[in-house]
Every structure is written in structure tokens, then in C-alpha cells.
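Letters A, B, C and D name the chains as they come in the text, with residue numbers starting at 1 for each one.
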Amino acid sequence: MSILKLEPRRGRMIIHAFGRKYDWIIEPRYWRNPIIGVITLLALPLLMYFFATGVFGIRPVALLSALIFANILAMIGTPLVLQIIGTGRVSFGPHFFVAVGGYTAALLSKNYGFSPALTLPASFFMGALIGLGLSPITIISRGIYFVLITLLLPFILWELTYWRSDVFGAETGIPGVPLLIFTGDVVLDIMIYYYVSIAMVLILLFFTDRVMRSRYGFMMGVINEDEEVALSYGIDVAKIKVITFTLTSGAIAVAGWFLAHYQGSFTGPVWLQPSFLILILLTTTLGGKGAVYGVIASAYFIATLREVTRTQFGEMSVVVLFIILLILLYILPEGFWGLYRKRRYREYVPSIRIRRA
Amino acid sequence: MLEVSNLTKRFGGVIAVNEVSFEVEKGEIIGLIGPNGAGKSTLVNLISGFYLPDSGKIRFLGEDITKKKMHERAKMGIARTFQNPRLISNMTAIMNVMYAVLGSERGSKLSLVEAYGEAAYYLDIFDMLKKRDVLVADLPIYELRLLELARALALKPKILLIDEAMAGLNPAEAERVSKLINRIREEFDLTIIWIEHVLKIIMRSVERILVMHYGKLIADDTPEKVVRMPEVVEAYIGEEVV
Amino acid sequence: MLDVAALIFSYTFIFGSLYLGIALGFTIITGVLRIFHLGYGAIFLIAAYGTWMFWKDVGFGFIESIVLSFALVALFSFLIYQVVIKKFWEMEDYLLAALIAVFIIIEELVNYAYPEIVGVYLPTTIIEGSISIGPASIPGQLAATSVIAILMVICYLLIFTKTKTGLIMRAISQDIFASQLVGVNFDRMFIVAMILASLPPAIIMLLIAPIWALNPFIGWPLFTYAIVVSVLGGLGNLRGTIMASYIIGFIHAAVGFSLDPRLMLLASLVVVVAVLVFRPEGLARAETIW
Amino acid sequence: MKKIVLLLAASVVVSIALFGCAQPAPPEEKTPATPAEAEKIVVCALFDPRIPVLKADAEAIKMAVDEINAQGGILGKQVEYIHEDTQRKVDVAISAYRSAVLEKDCKIVFLEGVSEEALAIIEEGARIFPTKPHIVISSQAAVGTTFKVIEDYDKYKFYFRNLPPDPELNYKVPKTYFEFAKNVIGAKKVALLLEDAAWTECARKGCVYESKFGKFESKPMREWVKEEYGMEVVYEANIAVGEKNFLPMLEEAARNGAEYIFVLSSWYTDTITLSKQWASSGAKDIPISYFGGPNQWAVFWDLTGGAALGTFTIMYDTEDVPPVTTKTREVVKKLHEKKLSVDMSVHYYYSEMYRVKEAIERVGSLDIDAIIKAMEEMEFKDHTALTPEYNYFGYKSALFHSYSGGPVLLAQFQCDGKLVYITPPELLEEAGFPEEAISQVNPDAYKSPAELREMC
């Protein structure tokens, strides 16, 4: 008896493996091949390391640092896409939850001596808790109003960090957060950080992928498309929204945890600025409509492009960066994901929409 | 089975549904007619839970569902179709049936694959299986109507509220739809409330007719009797003048 | 006590009118086009630096420069509509991302051409010094700005209630689909609305130049005021915006004079979020322009 | 799913192994080469060139480097200047910094004084230092970083500051202003407008720091102003970062009868808007003075459209600035030729380059530990904005790796933006300013804003 047997069916693939049966619906959902994706991701920095560095005048360490930042963007973007689909609302406040997670990790480790292993669940729960508290707004406020409430949240936290600088440390933040990795060799450290961050992204991606392909993912897609239809066909929209918003908020907060333990300090005002939001927003938008895989591609693209423009264009670097991104918005109507996915009409890809009413 | 008593709904100063009461027995097929703006769709929206009534009560299977949420009512077996087909146009035909399967009471135990299989069954009933992978945006109105019915059926409803199944169809198509409705009623042991603007077909298909005018229920009888009622005739004359 | 009350009263009026002027254009765009114009902040920059450019670099007279900069602002709004808004009309996530990218590009270009050190200054003072109202004194220029802001609002209300174009815009703002049936030329209406909406921020920018710093990053804080006010008011509704402007003005005046000026912005943000939780559609609860 | 997890784990391990083999190569190649080649000393400047003040800082360092190279370099080696753009973003700054030290072999890193960045860079530097010794110099002001060096000297000893930080900055430097307000203006009642940021904490709330070298205490400004100068603080407000609405503060200061307004500002506070609003508010007759920010530029006059008339500020940006050292005016002139404005930090960065040069020359090699020691112990006399008496304390002091504070040059904007230096000469004398500088200040040239408005 063979260990692995593939049984293609119309619309789905039945896999017999290790005496168990898995079905993958290819039919209405996404094109997928996580293994190839993962290997590409892991090999990408190596490829770039050997081929790209020097070409644009980037050095390996700078590139690796940029890619760690790409992973941070992906860590925020992946759950954010899930959140947008599951709540049918576009949030402009993901960086609010990043700051929540970062401050939780920093304050707990500084004041109570928590280790990174303890602050990780704490950050997640804090993010989830605040997400739960705020989740009613996913039900009551619609369209642009939701965008705007979430846009105001980071401003409020930003004001708070200055107002209560005794707690949050204002622009100097909270120093003395224990490092996640410290081997003594800084280059090795950077590399391990890269792989830790990519591992986190992959774990998130794995969960997100599972959710998106589950019955819940499908129902989230329906909510994203038409809430009233979802309700009239027995889908408990409020429940799915609250759960999605809560858990994804927690997941976004984990990115803050990573930032705090990666930099050894957490400075909220840095991350609560609109400029950070714009990067996150462009990451999810250019990623492609609701496609979590595209988010990772665009996070890598944007972070690398930013490094290239920074070293090549001097004072004009930001202008060049945003002009390129703007052009991409024009030529990639379905984002990076659109370049990659099979162009078949029967595929369903949830589209992120901000409804006007 | 369904018991509506003194149901009232206001929008601003307009009373859309005014003190409406009626009962539906199991297995009945009821037509709900009335001129434009008579409050028919509002009544359907009240029963399905889209709006909450200002006063009055709705009982279903002996249970008070007046305050129940829309998705809970759907799970209990109240399915509806929409006046303008309201399907998710980014999804294929079969996906539009799948979520109704998942939303039904037994759906919480189904995997996506099982739901897919069931959805295929319901599509087949309406002879739509071959169109399962077509995006809804690319379907003609007739097939949208069928798809709406298939989706409603996938919820395994006890009562089906049909909000205009004929609008936009040519007479032959309308005839086929009407036949299909009667067929599924027998096959699935359904109770049906059928709102229609076109009177001809409905008169032949239903056993009992409710007539609404300006939010009020003005008649509740067999088709033959209803057409002779002076109030009804008057209401429809008014309509035709407009 | 009485003098504090006088101060709060007069500054509620001053701040309220100022915020109303800042948010007026934003409200019109949101009301008529039903989009969220994230590039609104760029209009302030173009008005101020455009005037400076025509005045100092090209060599026009000051008044001519102002007129030319208004033309530039109108051209910018026209281009934004033609190139960005029309293209991404149906894809709001792209629309928002593209608008914000345009804003950043303009901000950076202005900073490249006229960094703060250039010393940009516009002599647009109408009333010098301060005006005393009982125990309170207010900057004359701000008083003038307030009056002009109110006049602008009145003008726009007249446009929306008396002219045909205005009536069509109101119809569009009420129901975009219904007016589609009536055969309204949307493109033209939207362009007119975009250009109409670009004038108030340009005028306000020039008026407050003598009392606010001019630097390439002034767009954000001004845009923030516009957002806070129009969110509280209910997006795209002038009635709500007027109410909200004076409410925010009152909060700023009351907190600034009797509590702690440090908390002005925080207080208004908290009030806005609290109101939105209870009235998710803002004060006006109506998605029409008037 | 187990299979995928397994595969994932395996590929991560393999990739780490692969990358691990590939990665360490480049630094190893370079490390043995450095002492052998040893031709250049690399100096990196991490500044965002979009912000005029930061651009001027970087240009000043570059100018110093060029001058040093023209004179034959340091120890006969040429100095290479590398500019890295930080875009004022912490993540970008960190990656630029890593690249500068690890890959471009920077020995001296100058960093812009943005607190958020400095803090992250210090933590990052503590990681890099054991692998690649180097020195970081920044004008960041908050007390937190000072205490890092005090508390954990071995870890953070690479970090130097080129200005007197908080609490010196919040106490000893502002004293000049209050001395002036008391003796020249004759103010009895003052209003304090304090920027609400971490670096002003000692001024706003007072602060107590316990270190292993003893306790440091600073009273809030309102208390020491009363105790030492007998002035009553009638109004005090914190300025929110990014605030544009100063009218409530100004009107309240006027209503409470303030006779002098002191603004503790940095680049976070928009003193241009503040000046414009002051000039048309009820407080326009109350003398107002600024600390840091664009007010330290002569072009402040243009930026405010003349609303700065009568305000006074720390000022080192005119070609007739009282010469603190012989180089002061020369530096201002040269930078003005490059169309840059010179605030105090520009002087600081410029002089620091020379101080580093002197330290390296004392040591005679590029041994970073020895250079750090030399910088701690030496007295540097050539600073263009600080007097020779400002020196480094031994590392047992609470002000370690930072300058101590003292009197500064104040100047008032008078008719047509002409700047008049008004610091009381006694103060400068006490602090050890050179005779030539003392002779060029004149507090009697001060005129009240109302007077100036009449005159001009």
C-alpha cells in the first residue's frame, strides 16, 4: 500500500496519506501550493543575498534588516487581510494593535520581569482583549465610518503615550526589553531574527490559510460580500465578526511583541504614525484582493524597494518609492496575487471593499 | 405553523404594515398580492427578520420569534428569496448554494466538501448543475431566479417566502418557474408564501390569497372569491390608473 | 470666572469657524462623490506653495499669484479626479492607497523644492493685531478668517439650494443610482464638485498663513482637523459639519481655557469616538449634503 | 498537515544551516584586512536630509571631515565620510546603522538627535559593539540614555552625546533665561510653556534618579524658578507634540498677569506658529523666549513674517555671533555659504568631529576602547559653541558621556530681523567664555516687544 495516493476529482483532490483521507477543494477556492510557496520564501533571501546585493548597492546586512521588516509587515498584513474579510470592514488601525502588543510586552518585561515566552501570550491576549472590547464597532458602524473610527484609535493612543509619559515613555519609549536572541555574534543574531520572523509569518500564514479554506473562511467570504444575504441564509454574522476581530487583533499585537523584543525597546509614537499605516495599507492593497499570499509578496517587494530607493535616490527616495508604488497600483489591478493566480473565472477571490454606506 | 398578529411597521411617518394578522397552516401555499407600495415586501422582511416590527407578534412552530435575529430564523426554517435577485456575483453558482447549505441547521456539522455535494444536489433539482462553475455575474435573469430558489431550498426550510419569482421573466419562463415551485412544494413538503405582482399565474397556483393595500390586509380568501371582492378590485384599479 | 466664560465663548466661535472652513471642502467631496479623499491635505500645500512659487520664483504680483495658485489647486483637483478617482472608483482600497500616495508625493516634492529653511511666508494679513471683546482678546486675522469661513459656508449653501448644479449635486448625494436614471452627467458634476471643494481649503490656508507656520508638512495636522470634524458631523453632511465644528471648537476652547491646553486634541478625539459608538453615523445621521 | 509542518521545520533548519554557512564569510574577509590596509578612517552620518536642521548637521560633519582631510587627515590617514539616509524611521535607521558599522566599517557614527531612533540605535549598538567596536555620537536629549551608560558602562560605553542632556538641559541652560528675566526685564510673574515630551520630564515634574554612583535629584522648573529667582509661576501649561493651537495658553498667560513667558521647546514644538499667534494675541506685550527649534535660525524672522519681533532665543546663527572660540564665526560663515542655517546642534556636531580627531591622535591608533578612554579624560578646547570649561566628567558622574550645561548666548530679534546678543556678561564671565565674546554681549540692548513695535 502506498503511503501517498492522489485521487483527482472534478473540483477537488482527495489525498490518501498515512492511512487518512484529506480533501482539498480546488474548485471554488484558491489556487494553492503552500510547499512551493514556503520554499520560495525561504530561498528568496538566499537568492537575493547572492544575486541582488551589490547590484543595487545594497549590502547583505542592510538587506536582511529590510527583509526582517518585510516579515513584520507580513505579520501585520496577514491577519489584517483575514480581519478585513471576516468583518467586511477595512480597518485603518492595525498599527494601533501593533502598539498595544508592543507596549504590553515592554511594560510587562520591564515592570514585572516577564520573559519573552511569557510576554508573547500576554501580548496576544491584550490585543485580543482590546479587540474584543472594540468588536461591537464592527457590527454597528458601517463603511467609511468604521475606517474612520479605526483611524482615530492610533491617534488617541499616540496622545496617551505623550500624556502619560511616566508610563509609556513618550518619544523615548520603554527601553530595557529583553532581547529574543542574543548569541554575541551580531550577524548571526540578525540571521536568526530573520528566520524567527519568517517562521512567525509562516505560522500565521498556515493558520490563515487553514481558516480561509475552512467553512468559516467561506462564510467570512460571504460576510465580506453581502452581510444581509449571509444573515438571511443562517450565518451568524455578529459571532463570526466578533471572533474574527478579536483573534486577528491578538495576532496583529504579536507583531508588536516581536518588534519590542527585536529592538530591545518599544517606542509607540514611531509605530503609531500615519506613515507606518500607509506602508501596511499598501502592503495589503498591492498584495492583491484579499489574498494572504500576495501580502507576503508585496511586503517583501515594498521593503526591498524601500531599501533600494533609499540607497539610490538620496533626498528623492521617498518620492521615487511612492511613485513606483502608485504606478504599480495602476498596472496591477489585482495586486501581486493577480500576477500569480491562475486566471480562471470560476475562482473566487474575496475582494476588499469599503462600502460607501 | 406561522402566526402573525397585529404586526405594525412604520418608516418615519409612513405606516408600511398596519395591524396585519393572519395564520398559515402547514403545507399551505398562499399568495400575497397587492399594488405597488402595499407593504408586501416589508411584511416578508418582517417575517424573515430583516426588520423588527414596531408592534405585534410573530409565532413560528409555536414559538415567539418576534425578537429573534435573522440568522436564527433562517436556521429555524424560514427561507426567502429577494425581489431583485440578490446573489453574490463574485461567486460561482454552486458557491451561492453552498453557503445556504452551511447556514442551515444541519450545516454546522458539514465540511466544505459535503456542502459542495449537497449544493450540487439542489442545483440539479433546478437543472442548473451544468452551470455550477459560472460566475453569478454572468448568468441571465431566469437562471438567477432559479438559483435563488435553489439557494432557498438548500436551507431546508419549513416555510419559503418567495418575493416575486416572475419579475423580468417572459411568459414561458414564468410558467416553468411556477411549475417548479409547485414541484418543490410537493417534493419537500413546504409551506409557501408567495408574493407576486403578476396575478395571472399566481391565481392558478395558490389555494389562498392575501391582499394588502396601504399596509392593511384587505382580503384573505380563495383566489376565486378574492377577485370578486370590491375592495380588491378598487385597489387594483387605482394601481392601473397610476 | 466671567472672563474665562468670555474667552471660552469667543474662542468657541473662532475655533469652530476655523475648523468649519478647514473641513468644508472635505465635506463637499465626501457628500457629493461619496469617497474619502485622503489627498485633501495636499490642497493646503499647493495653495500656499503655489502662491509662493508664482510670487517669488516666477515673478508675478502677489494678487496674481494667489489667483494663479487657485487655478493650480483647481487643476490639481481636476487631475486627481480624472487620473485617480475615476480610475479607482469601484475599488476603494486602491482609491485610498492611491490618494494617500499622491499626497505623500506632493508633500515630499514641496519639501524638496521649498524646505523650511527657505523661509516661505505669505503676507495675507487682513486685520493686524488683536481685537478685544470684553475681557477676551482674539487675533484679528482669526476673526477675519472666521467671518470669511462663515461667508463661504453661506455661499455654498446658496449654491446647493438655489442653483441647478447645486440641486443636482444634492440629488446625487441623496441617491447616486436614482440620479443616474434621470440622466445626470456624472463626470461633469463630480469635476465641478471637486473644484468647488478645493477652493475653501485654499482660501483658509492663505488666511491662516499669518498665524500658522507654513512648512511642507502642514497638510497632515490640517487634514486631521478636517477628519475629526467631518467624522463627528456625519460624513458629507454640511449640517452635521457645522454642528461638529462648533462642538469641537467648544471642546478645544473649554478644555484649553479651563482645564489644560495639553488635553485639547485628546479630549476631542475621545468625544468623537464616544459619539460614534452611540451614533455610528455621526451627528447628522444622514448621508446627504444638506 | 503534520507532513507540511515537518517539511517546514526541515526547510527552516536547512536554510539556517545554508545561510549560516554563507553569511559569516564577508565580515571575516574584511576583518583581517582592516589593520593591514588601514588607510581610511570611516565616519558615517545617519541623518535624514529632508529636514533642514538634520541636513545642516550632516553637512557640518562633512565640512569638518573635509577640513581634516585637507590638513592631512588623522594620524596620516584620510577620513572617509559616508552619509546614510534614515528617513527618520526607526527600522530604516537600524538597518542603515548595521550596514554602516558591519559592512562599511564605520568607526565613528554620528546620529541625528531624534530620541526614538537614538534609543533603538543604542540597544542595537550594544549588540554590535562586541563584534565591531565603534563610537556613536548623537544629540539626543532625554535622560534615559545617560543613565544607560551610568548603569551599564561596559555595555553602552560606545555611546556619546554632544550636548548637555536632560536634566542639565532642563536646569542649567534655562537658568540663563531666568537670570535675564529677573535682572533685565524685572519680571516677577512668569508663565511656563513646556513641551510635553520625555526629555522635559525633569522640568515638568521634577525627577529623582538613583544610580550606583549616588542619587540625582531635580526639582520641577516652577519650584526652582521660585526658590532661586523669587519669581512666581502664574501659569504653566504643557505643549502637546505637534500642537498648532497656542492661543489658549497665550491668553491664559496674559489673563494670569504673566510678565515673562518661557517656552521649553525643541523641534517637536512649532515655535513659528507660536510666534505668529503670540504676536496677534493678548499676550503680545509679554516678552517671550524660546529654547530649541527653528527659532535658533536667523531665517526664523522670515518664517514668522516678522512676527518674531521682540522674541529671544538661543542663537549661534549670525556671522557676528560672539566668538566662543576663534572658529565659531568661521564655521557659521562657511555653512551660510552652503545655504545652511546653523543652530546649536550644528556647532555641536561640527566640533565633535574635531574632538574625535584629537582623541584618536592622543591614542595614536584606532583602538576604540582607548579612544573612548581618551574622550572621557581629555579636555577639548576647540568647541565652537561651548566654552572651554564645559568638559566631560569622569564616569562616576551622573552626566557621563555628556556635556554639562551652562549659560548660552541669547539673542533678540529686533527691527528687520536684526539679532542683538543680550546674555548678561556676568554669566558668561563666570562660565569662562573668552573675553572677546563677553565684550560683544549687551543686555541693555534688550527692548520690550511693545517698544520695538513702536520703533520699527
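Here, a contact is a pair of C-beta atoms (placed from the backbone, for glycine too) under 8 Å apart; a residue touches a chain by one contact, two chains touch by 3 or more.
Since this is a predicted model, take the numbers as computed values, not measurements.
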Per the touch definition, the chains contacting both subunit B and subunit D are A
Pick the chain whose C-alpha centre of mass, unweighted, sits closest to the average of all protein C-alpha coordinates shown. A
Using each chain's Cα centroid, which is most distant from the centroid of subunit A? B
Centroid distance [mean C-alpha coordinates] between subunit C and subunit A, Å: 33
With chain centres taken as the means of their Cα atoms, state the distance from subunit B to subunit C in Å. 48
Euclidean distance of C-alpha centroids - subunit A vs subunit B, Å: 42
Subunit C and subunit D, separation of their C-alpha mean positions in angstrom: 37
Subunit B residues counted as touching two or more neighbouring chains: none
Subunit C, residues touching no fewer than two other chains: 108, 112, 262, 265-266
Numbers and ranges of subunit D residues touching at least 2 other chains: 50, 196, 240
Which chains are in touch, pair by pair? A-B, A-C, A-D, C-D
Can you name the residues of subunit A that touch subunit B in the complex? 11-12, 23, 25, 27-28, 213-215, 218-219, 221-222, 225-226, 228-238, 345-346, 348-351
Going by the contact rule at the top, pick out the subunit C residues touching subunit A in the complex. 30, 34-36, 87-88, 91-94, 96-98, 100-102, 104-105, 108-109, 112, 220, 224, 227-228, 231, 235, 262-263, 265-266, 269-270, 272-273, 276-277, 280-282, 287
Using the touch definition up top, name the residues of subunit A that touch subunit C in the complex. 90, 136-137, 140-142, 144-145, 147-149, 151-153, 155-156, 159-160, 163, 274, 278, 281-282, 284-286, 315-316, 318-319, 322-323, 325-326, 329-330, 333, 351-357
Provide the residue numbers of subunit C that touch subunit D in the complex, in ascending order. 3-4, 7, 11, 14-15, 108, 111-112, 115-117, 119-123, 128-130, 132, 135-142, 210-215, 221, 252-253, 256-257, 260-262, 264-266
In their shared complex, at which residues does subunit D touch subunit C? 50-52, 55, 196, 237-240, 242-249, 251-252, 254-255, 270, 272-273, 276-277, 280-282, 284, 294, 297, 299, 301-305, 307, 339-341
